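Both complexes below contain subunit A, partnered by subunit B and then by subunit C.
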Partner chain A sequence: MTNNPFPLPKDDLLQAYRTMRTIREFEERLHVEFAKGDIPGFVHLYAGEEACATGIMMHLSDIDRIASTHRGHGHCIAKGVDVHAMMAEIYGKVTGSCRGKGGSMHIADLSKGMMGANGILGAGAPLICGAALAAKFRGDGGVGITFFGDGASNQGTVLESMNLAAIWNLPVIFVVENNGYAESTSVEYATGVDSYVDRAAGFGLPGVTVDGTDFFAVHEAAGEIIRRAREGGGPALLECKMVRFFGHFEGDAQTYKAKGENDANRASRDCLTLFANRVTAAGVIGDAELRVIDREVAALIDDAVASAKGAPLPHAGELTTDVYVSY
Partner chain B sequence: MARKISYKQAINEALDLEMRRDPTVILLGEDIVGGSGAPGEMDAWGGVLGVTKGLYAKHGNRLMDTPLSESAYIGAAIGAAACGMRPVAELMFLDFMGVCFDQILNQAAKFKYMFGGKAKTPVVIRAMVGAGFRAAAQHSQMLTPLFTHIPGLKVVCPSNAYDAKGLLIQSIRDDDPVIFCEHKNLYGLETDVPAESYAIPFGEANVVREGKDVTIVSYGLTVHRALAAAETLARTGIQAEVIDLRTLSPIDWDTVIESVEATGRLVVVDEAHPRCSIACDVAAYVAQNAFGALKAAPQMVTAPHTPVPFSPVLEDLYIPSADAIAAAVGKTVPHARAA
Partner chain C sequence: MTPKIGIIANPVSARDIRRVVASASSIQIADRANIVLRTLAALAACGIDDVVMMPERGGVGSHVVRGIERSRNQGEERFPRLSFLPIPVTGTVEDTRRAAAAMAAAGDVAVIVVLGGDGTHRAVAGACGSVPIAGISTGTNNAFPEHREPTITGLAAGLAATGRVPPAVAFADNKVIEVRIDGGPPDIALVDAAIVTDRFVGARALWRTETFRELYVTFADPEVIGMAAIAGLVETVGRDEPGGLALTLAPADTAARRVRAPIAPGLIGTIGIDSWRRLPAGTPVTPALPAGAVALDGERELFFDPHQTVTVTLIDRAFRTVDTAAVMRFAARHGLLLDRQP
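Moving on to the complex of A and B:
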């Protein structure tokens, strides 16, 4: 039996890999399917960023709430939202997570503590303060995590919420997913501080920056600040520096990126490869075990796509239902 | 047992009763307690005009003063509502919705629909509306049409203390987001209000005066202007029926149509601006659904298409007057004399 040098048992490591692989496969497959033209609207892919959602969400249970972003598929999968229902939603089918009424940017599953992807940048920060306030009133120990990109970090809602969380000592974690691009605009151009830790300090919040492509770094940092928040220690900020393998949305020609940038990122900053190298080099998990997961995940996504394609569309009556609880 | 209390006291009483009944009801807003963290006394203000005064002593930290961050605390109220609480957030002046509109328009109003029916957002956003307070352009607007336009929201605007209490209790118990509009110039108005708890269902207009010649439809402060006009008209032999809509979304079309079918004439009075207003909405609905009953073109009496002016002489011209309402009735009733 090999010594496990990681702070997680082997089963959890396998689960982390499976979650990251599921997100990657889901997004890579959407990239292919979207190009075929039968997915309505637009989608924003999380590929390259899997370690962030996974490393954080492994510390959460269903009582913990997250507020996601327009780039929300990874958060959903890591929070336990059903992959088949997600895929059906993206295809606009009535079997989708939101009966086809929300689409990629509004997938939610409140029973899993997933308060919704969100098409409005920065809008999740006030909402998660409310979720954390509710948890505080109930005394259930629940925490709230709000994700936002380097772009939405400049929204007033996010800054107001950091202050609100600080003065009310709310169990909220502000996660900056810094992939370097707000749509096509670089973080260097649009953000006046070099480190989000400095910005957090301006609101009296502790902050930490980690390499968001390193699952172990994210997992460790998140674990500490989540535990602290859960125990009443208050809010914190976590900046994950990471890479976005695709464009802002599918169909983005990405001419604002440097030549070869995506290839270089895939070659040296792929969080899945980095994770696999670490665990296999340590001898904790064999390559064959990872390949089994790869095959199982590929089959899962194949099945999700096939059943989404074959699922029924909403009937006309769905147009006018679900506006109010009662009216 | 009924006794006379003010519109403002009725709101305070509704909040108190619901907080006693339901531990998930919490209150958030700027200075709703007043004095938080300051060296003097707590509950120094109880709201900028004292509407929540005294509730802190009864309910303690279930009332929370907020920083001046409307997006953050209105959003937090909405988020808490989606997580099982029944927050009542006070926006102070409805004009401030410009600061936090996204949370209302794109979040609270849409959760249920865009999440496929699985969400419930029982939040109440209380705010003062209306002109006549010499508060000028950014503290005086009647923005009810903006909210009424948005699917997923309910919009309430009581005209008297009895309705204010019953409609606020209903708003808190309601499972949908409610914009509760309090006319600041009605805060001191006293009416008979039972001490016990009662809820007034949404979508039930109140016929506040019966009449056979013309239907005057309004809500909020201008209900009282309509009643004054009806009094004047009665002296000239015209019997006006006055309908107080009470809730704008949902709206009680049946009562309006029934009345117009009996009178054949319609005047709609709205303190909002004329374009895309509640007045337009009611006039259009009646024209489409009761055209055959109409003996004259529907008339609209609204504020002008201007911001609310400051100078009292101008502001008094801004709000629809009883004279203007009577004159509009005159356009629908051939034999009416100007009041």
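Moving on to the complex of A and C:
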């Protein structure tokens, strides 16, 4: 083995691959399982976008909060939410991380700082401002990350939150996951100025655009932005340009995409392949080591699906449990 | 029929991590559009009737069209006719290369006005052939394009393109550094090629000085920002001098000398320097570092492994630019913008 030329030790590189592979396997399996009709509600898959969640979340700990989107499985996994509890949640089972009442679009695990996926576009941004304000008051060095898409970036809640974060100098990072489509509407059509860095500049926030399919680009930029926020530098925006391999939701016919677009993206912009090629070419990680992770992750997801399918549904008497909170 | 002017305005320059690790500025789309409008007004004042622009999705072109229509609705004729190249838009640097090549191939484009940083200008220079570039800096590290009000650049481009200033005065030759890996097709740098220990492209920009090992520059100017500033603070080499400079760098705590240089806007780094020497044109040089990345004009672009061979070659007279200062001095001396009352 040669010297490691990457900005992460080998163990962290292996963990990055394991996280991205877990997200991919989780989503690919859901793609298959959802078609069988056993999963309630909608699912929105994160396959293709793994480098973004992973590259950012490797800089975080449980004290840091994230607010996710309706495409939240990848954020959960990268933030450390238990995969068995996630799968059970998506199946609506009582062993799920929200005892089966959140499902895919409201999955959360506050113990891991994961404040929830969200069915409302752009709703995570004001939530994360509250979490970041709390962290600032506590002085614990925690940061808040809100993810949103190119579509949600046009929501007033997101823009208002940028202003709020700016005036209160909150440790918030606004992450635009720009996969080119707001549901089925192209970013070219729906966005007046398609540079999200410009939006940030309007509120006095620095913004950075990176190739969201390059784990190292995301990791490097996110590291600097998060460090800046922890040190009191205030909010910033990170735009990750990426691709999603599946439709907006499972069952989406994707007629708005060009013929062969998904295949072309899988061939040339697959963040897992790009990462694997880079670390193996540099001689830091052997191909066999990655295949071991692949097998372990596949077994993990097999077991999570089997456990979720075998778990009981919540009892009707739990309907209002955990819904209302007394102060 | 007057010659055409091409405009390539990069909508996404100045978006990288130097907004966070340094205090680099970010020129917004509306500002870029206004720069194009000011340039167009200057071109029209020089008698340019037709301008062709690179299409993009960032919004620069649509803002420019809006500005022209508004002016026409007020009965003004301040701007030339504007059209867009019929090329596909990918949202990548490929658009810039394709636009430059198309403008060069058209045969009637006399000058290409470029809005961007060193990276954008590099992409144009690699594809524009013998068509001269008039550069306007809207990037981060703008060592190559001079800092100047775009209206003046537009006037100079127009005076040069229409032949009112002779080519010998209007156009200047420029050097490039060619970098090849295993004898493959060359990549070029307009200002500097740096060899760094990183072996990942990552966020592209250079700011961790401890990774710097070798530096090759086409010119060394103590007034510029970026890697070329390191060279410029050691020994100056002019843009119009033959040859460049090659430096061997090292971590600051082990090097023979240290220089404090502005490697990015607002970021003064301490860089160790072991040695430097003049870099003659046409002689390939092989870096000593066995594996790492090559940063072209301040951005990590290529990486190489121990089994690969990197060659660095400085090329004189590689492409031409409009010498704005020379054109405006000539215009003043010969009264080109001075009209007598009848």
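Just so we're on the same page, the second predicted complex is superposed on the first by the 322 of 327 C-alpha atoms of A that agree within 3 Å, B and C clash if a C-alpha of one lies under 4 Å from a C-alpha of the other, contacts with A are read in each partner's own complex, and residues count from 1 in each chain.
One rule holds for everything that comes next: a contact is a pair of C-beta atoms (placed from the backbone, for glycine too) under 8 Å apart; a residue touches a chain by one contact, two chains touch by 3 or more.
Everything numeric in this text was worked out from a predicted model, so none of it was measured.
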Which term applies to subunit B and subunit C once both are placed on subunit A by superposition, clash or fit? fit
By the touch definition at the top of the document, which applies to A:I167: first (subunit B), second (subunit C), both, or neither? first
A:A135 in the overlay: touching subunit B, subunit C, both, or neither? Say first, second, both or neither. first
Does subunit B (first) or subunit C (second) touch A:A308, or do both, or does neither? neither
Once the shared chain is lined up, is A:R278 touching subunit B (first), subunit C (second), both, or neither of them? second
Just subunit B (first), just subunit C (second), both, or neither: which does A:D214 touch? second
Give one of first, second, both or neither to describe whether A:V176 is in contact with subunit B, with subunit C, with both, or with none. neither
More residues of subunit A are touched by which chain, subunit B or subunit C? B
Looking at subunit B versus subunit C in the superposed three-chain picture, what is their shortest Cα distance in Å? 24
Using the superposition described at the top, list the residues of subunit A that contact subunit B and also contact subunit C. none
Contact set on subunit A toward subunit C in their complex: 2, 5-7, 188, 192-195, 197-198, 201-202, 206-210, 214, 216-217, 219-221, 224-225, 228, 236, 239, 278, 281-282
Per the contact definition, I'd like the list of subunit C residues that touch subunit A in the complex. 11-12, 15-17, 19-21, 26, 28-30, 57-59, 197-204, 291-292, 305-306
Which subunit A residues qualify as touching subunit B in the complex? 65, 67, 96-102, 106, 108-111, 115-116, 118-120, 123, 125-131, 133-135, 137-138, 144, 156-157, 160-161, 163-164, 167-168, 321-327
Using the touch definition from the top, list the residues of subunit B that touch subunit A in their complex. 24, 26, 64, 66-67, 69, 71-85, 87, 102-103, 106-107, 111-120, 151-152, 154, 174-176, 203, 250
